[in-house]
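In structure tokens below, several structures.
Next come two complexes built around chain A: one with chain B, the other with chain C.
Now for the complex of A and B:
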């Protein structure tokens, strides 16, 4: 049952054989096959409002006739008639174009790359999660809120997806082939759960969430997530208004992950070398032969954040499971090591080969920020006056160079005075840069997995393991009415 | 949706009827051509435009099946702008406009209506509409007249064949209304831009071009020194700034056009000899710049001896590879990256090159290639330069172009770790062909605008550079004329 939710490797090979049989006129045939299934359950005001199972497939047929262009057609129908129609359409378009390119040994021979290993990304528990099981978890998460006279809303989701690329001519994967590369069958699962608990008066709100490739992990944590959301809701009722300004903040791991979204996305070498983003340094006139193409030095090798911060990814860490890119650096990657910028993402073709490297270097799709040894209790105890932040929402990047970001605090914000949480506080809009925050670090706690959903049904895993951070002078710029 | 058979205040009821019709009945399954479509029932201009464009597309498909040529990917045939409207397109436009009442169409929809009228063979109606429309505006000021000119020219450029009668009408109606001589000169410049310059090899209409140019020069001749500077600034021709009179401006513009197009006087001088040709080119440049010929010491690499091409790998030589350019041979040297033609469109240079080779089999052709241009070749690989040569050969074979390939290894040093970016050193060819830093070969290799047009250098049999330009359909005629004369000179009976 669960296997049938997505296409198996044999299914993909069978589809490819059928497509090949429909091809006419020689040339090359490539088929990209992906499939996904998603089961979800949504509830609000303590009642289930949606339960569904959805699935789809995508068959992208590309034909390259001899001396023709490379042209593709996509369908989600698997019957013979539809597949043949797709092949014919691709051949018609290929004929209209022309290219001396791929398909006829045009590229130079290049090194073969084994598929990089990664920790498990497939969980039978996820793909096997039944509607009944999802319902029971939802009921167990609603119950604590209902018992406390509060309203629970939430969302549970389990997914599985697969993809495979097969083609006739190019049987040895080569980096020069780009997307035109045969690739192994890959399948992965994702599970996520989040809940918001509100009180009847609408003044208190608590939130908790978790995501993983493994439903069992989410399932096991469901009770604790529900309890945390209830506690936060109760504790955040009747907030008081504080003046906006600079405060010492204790950012819970989820808030750190939210704030880091633009930071990790900016870790790109090409941007820095073309003078965009925070990692460019200075223009070197001596190396600029063409004024229209200034030569930018980067901050690689320079200290950019607090020396207690290391941002890295280990593909074999089961909490950081990702779908490894095809030609990626197979081992662990460290982008920031003890505060020093060590690496930036680059693709193989446009940059990797120029650097004399044989692999691309992945971006921070999944990442871990190094732990500290301070507990949350100790952070609070050592704070004379500050704010405890549950999470942020509605983040927007204001300035690409400084990563100045604005957003809102949500679902629990508390004032700390003389080492104790004294009262709930109304939410703020903040205007701050994660770069400044990571340079104003006072204490760091233990890194834990946080909620990192992907929106697309066949989206890939983006796990993050992030510690709570206490930082000074965090800028809150206005009060907001949202709870 | 823009309704043209009905004014905008009209039938909400009709819209509701359309909206309330069943979804299936509202869909039209198009057959090619639109045999199943009742064009006269179309009630808005967008659908008419789409129908006419479909008819045009079908003409392209028909032409493709007949000739095997698809003009999206290769240079358009000469004088395409004057090609008559195909009957199927004209008929589609005509049917779609049956029962139309263009006078009721909103002014902002004229951009759709007027080209359709021309395509339907109803140009007089279009001009009458334009006349009525522009009559409604106060065109007292020069800037208003020039704005009206732009409006008309926008319609002109939207139609093939170009409705040249619009140019006549514009000149008759507006030229005399423009009070400022400078603005009138700019007005004529717009008209010349529309019909093709008087000195161009292929103006859309030679008689019109010369007539407009002569009237334009009369105006320019009357400009003051200040107006000349303003004309140079506004037309982007800064070399005209130093001209002292309108007559001199006209003369310099003529000289510039003459320089660009390699005219009969240039060919005659080349027949006389390379030295005479170089002297002639310098004289023209001196007229363009308004300086004495003896002060002109650089007109590009023209007149310099082409340095012998160096290479780590030679491929495709017909006989011994070096030295190139070979003494005694008329030689064409192409500089460019041919390894990426699978993704980029190299036709713009390679089709003209093939035509030149077919016409002049004696022409020696050499392609100057280098490793850096193939970014997918692994740095440091010993075979890299062989790969580049081989990829270039495959591309040339594909286009049936024969040429010797001279491939050089591009050396580099690296920035210190962790940056490691390679900083490239110029190849020997780049150094030799820079002519002491006055010319940059780099341009030939770094053309990433989607249309690869490679730099070509033509030498005479003594190895002196006669001409250099991008090799494309526009400049092909210049290359051909010069090669023809050079071959004439080499012929035994001359």
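Now for the complex of A and C:
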């Protein structure tokens, strides 16, 4: 039963064969096939508000006729009639445009590119989490809030998804003909759970959440998540207004992960080389750089953040398991090593081959920021005056080059005075750059897995392991009296 | 006559490969297998689709649902961009069944339109609800609704975009591109103009005996234009192609080239104006119609969603600053007496316009804010009943306003913003007129707005902000931001343009877990606000 919720590899191959048989007029055929299933449960005001079970498939047929364009047609129907209609439509579309190349199909010899090793991305526990079990977990998470006279809302989700891309082979491929489009069958699972607890008067709000490919890991933490959200709600009631300004902040791991969103997305070589983003070399940087450095147009090799910061990915760590890109550098990748920019994402075809590499280098889809040895308690104890931040919300990038970001604190913000948490504080809008924060680090704690699920039903895994960070002079720009 | 899967296999039709997932054999495929002329996807009014729908409802009812409804959606989409030429097509069938058991909802969705699958989906929706009903008691009352019997509605569009040849659309877009490039210094944005069309057919049946089918269109376009002919590079976007409940006439039914010329004139003026840095302070501000519509949507459009106000979105998009609906109705002042905000799902061309919502309710026109006072909330059948005390006191009928919606049947229906309308003032005032009326102040075109998770505090930003002196735009202000609290913003409303100055803009509403986005229209005239706080959003503390 659980197997039939998504397509198997054989299903995908059969679909491809059927599509190929419908093709008329030569040219190349490519089929992208994905499927997903989700078991979901929402609750609010201490009662389950919806329990759902959903699934869908997607078949994208692309036909490239000789000297024609490359056009895709998508359907979620697998019967012959629908597939044939999709192929015909794709062929009509292909005729709309001219393409000088032959289009699809260029593939390096397959045997040299086995799927890179990675820790599991498929968890039988996630697929096996029954409606009953999900309901029990939800109720167990609601109970502590209800007992305390508070309102719990939350969301639990388990999902499975699969993807495969197949295309016809092209003889005599030449570089630049097309893209490496074919990809092996992959299937993965994702589990997530998050909860928001509010008080009846709406002055306090606490949040906690966790995601993983493995439901067991989320399930094991459910009680702790519920407890944390309740405590945060209670402790955040009746907040006082503080003046905006610069504060020392202790960012909980979730807040660090939220703030890092634009940072990790920016770790791309192409944009740096074309003169955009934070990693392009500016004149100032160039003047202080050894001119013999090979990467003269990027900051590769330069110290960019505090030397205690290392940002890396190990595909063999089950808390970091991602769907490894097929042609990617096997093994761990480090983007920032002890504060020095070491690597930036690049694709194989354009940049990789120019660099003489045989692999692409992945971006920080999944990542880990190195741990420090300071406990949260110690961070608080050693703070004369500062703010403790649960998480950030509504983030918006203001400046691509400096990564200056604005956003809001949400679900728990406290004032620390002379080593103790003294007051709940009203939320702030901040205007700050993660680059600035990572250059003003005071202390770092132990890295832990955070809540970082993909929202799209067929989205890939994006796990992160992030430490709490204490940093100086974080800029809060205006008061937000929303809870 | 229904034919079985085995018959099909005998006929040599490879119907599918998986056991559960792939058994979908639409009727047109069956027909083809039997040697009958193959039908293209069935029209939604075909009796066979009603059979499917009723089968799902019946399965849910016999499994123990106290209430159940089913939606079958057939969604076609077609997208275009002219440079490089690109067309993509998508077609999806979905079925979703919602079942209510002892106060708990279950929802199950699938891509397979097939009798056995209807039964499975119906039964499983009940199972989902029953498992949850093992928990503490939960009471749900559904506001009663006149039952719709076998009715069909097709959104009136002048030209069905799927009847237009893709070549013609591509030519049209390419033509606009060349038109823009024909003017010295002007260029269209990369890959622009783009166009996107959707037609969705829906069949709805409920255990209360309701059955309707409807066909709804959505069209949208995007065109940004840059100008490099002046002292510096400037740019703007055409604001007349936002999502609408229209067909191909969205492009051919209005004077787009005239609008482009006007935008070009504006951009020329922008490029000729000196640049000024932000001077933080409070100003009298003229907002163009699009900015007023965006402000109304992001502040009041989200805050008056009753599910948000009562905490049902607390873990997702957030709650609302209108957080005590029962106490606030009829009393809370959300803005100046000049402000009246109405809602509907019936206006011609509206992006949220339907004949019936996703619960079979025919939406009514209603007033959310009357002369500055909160008068009502957006509701569905379940949420309407949450206002029972207030409605009884006000001697009002308890009924849903018909705000249940979802992108397709693969998503559970939930409360989404209907079409909104900021009621215009009595006297005409266009953007230029409003600017002319100001001795000193600021004017804003096409502002984007980010709100907090209660729709209370906002940050607005636009690239087209002007300093006004003696009724004239005298400079452009670089990097200006606007900070506001929703009630103060609307209390600072000084004047509104008239009926002839109203513009309509399609906007998205995203909420829920899993998240889903629907579109609606917001109509508003230009307006003048006082005491608007201007900041430099990039300035740190």
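As a working rule, the second predicted complex is superposed on the first by the 406 of 483 C-alpha atoms of A that agree within 3 Å, B and C clash if a C-alpha of one lies under 4 Å from a C-alpha of the other, contacts with A are read in each partner's own complex, and residues count from 1 in each chain.
Note that contacts are C-beta pairs under 8 Å (C-beta built on N, C-alpha and C of every residue); 3 or more make two chains touch, one makes a residue touch a chain.
This is a predicted model, so every value here is computed, not measured.
Peer 1: What is the contact status of A:273 with respect to chain B (first) and chain C (second): first, second, both, or neither?
Peer 2: A:273 sits against chain B, while chain C stays out of touch.
Peer 1: Between chain B and chain C, whom does A:343 touch in the aligned arrangement: first, second, both, or neither?
Peer 2: Only chain B; A:343 stays clear of chain C.
Peer 1: Check the contacts made with chain A and report whether chain B or chain C touches more of its residues.
Peer 2: Of chain B and chain C, C contacts more residues of chain A.
Peer 1: A:354 in the overlay: touching chain B, chain C, both, or neither? Say first, second, both or neither.
Peer 2: A:354 sits against chain B, while chain C stays out of touch.
Peer 1: For A:88, is the partner it touches chain B (first), chain C (second), both, or none of the two (neither)?
Peer 2: In the superposition, A:88 contacts neither chain B nor chain C.
Peer 1: Answer with first, second, both or neither: which of chain B and chain C does A:154 touch in the superposed model?
Peer 2: second
Peer 1: Of the two partner chains, chain B (first) and chain C (second), which one does A:472 touch, if any: first, second, both, or neither?
Peer 2: Once the two structures are laid over each other on A, A:472 reaches no partner at all.
Peer 1: By the touch definition at the top of the document, which applies to A:308: first (chain B), second (chain C), both, or neither?
Peer 2: Neither chain B nor chain C is touched by A:308.
Peer 1: Could you tell me if A:96 is touching chain B, chain C, both of them or neither one (first, second, both, neither)?
Peer 2: In the superposed model, A:96 contacts both chain B and chain C.
Peer 1: Indicate the residue numbers of chain A shared between its chain B interface and its chain C interface, in ascending order.
Peer 2: Residues 96-97 of chain A touch both chain B and chain C.
Peer 1: Along chain A, where are the residues that touch chain C in the complex?
Peer 2: 1, 4-8, 10-11, 14-15, 18, 35, 38, 40-42, 44-57, 69, 71-82, 85-86, 89, 92-93, 96-97, 131-132, 135, 139, 151, 153-155, 157, 194-196, 198, 202, 205, 207, 244-246, 393-394, 396, 398-399, 404, 406, 408, 410, 427, 429, 431-432, 455, 457, 475-478, 480-483
Peer 1: Going by the contact rule set out above, which residues of chain C touch chain A in the complex?
Peer 2: Going through chain C, the ones touching chain A are 13-22, 24-26, 28-29, 32, 38, 40, 84-94, 96, 103-111, 124, 127-129, 131-132, 134-136, 138, 166-167, 170, 310-316, 318-319, 321, 323, 410-412, 450-454, 456-457, 459, 483, 485, 513-515, 535, 537-541.
Peer 1: Which residues of chain A touch chain B in their complex?
Peer 2: 67, 96-102, 106-108, 110-111, 175-176, 273, 287, 289-290, 297-298, 300-301, 342-343, 349-350, 353-356, 358
Peer 1: Mind listing the chain B positions that touch chain A in their complex?
Peer 2: Residue positions touching the partner: 64, 70, 73, 341-343, 374-380, 383-384, 387, 390-391, 394-395, 398-399, 414, 417-423, 442.
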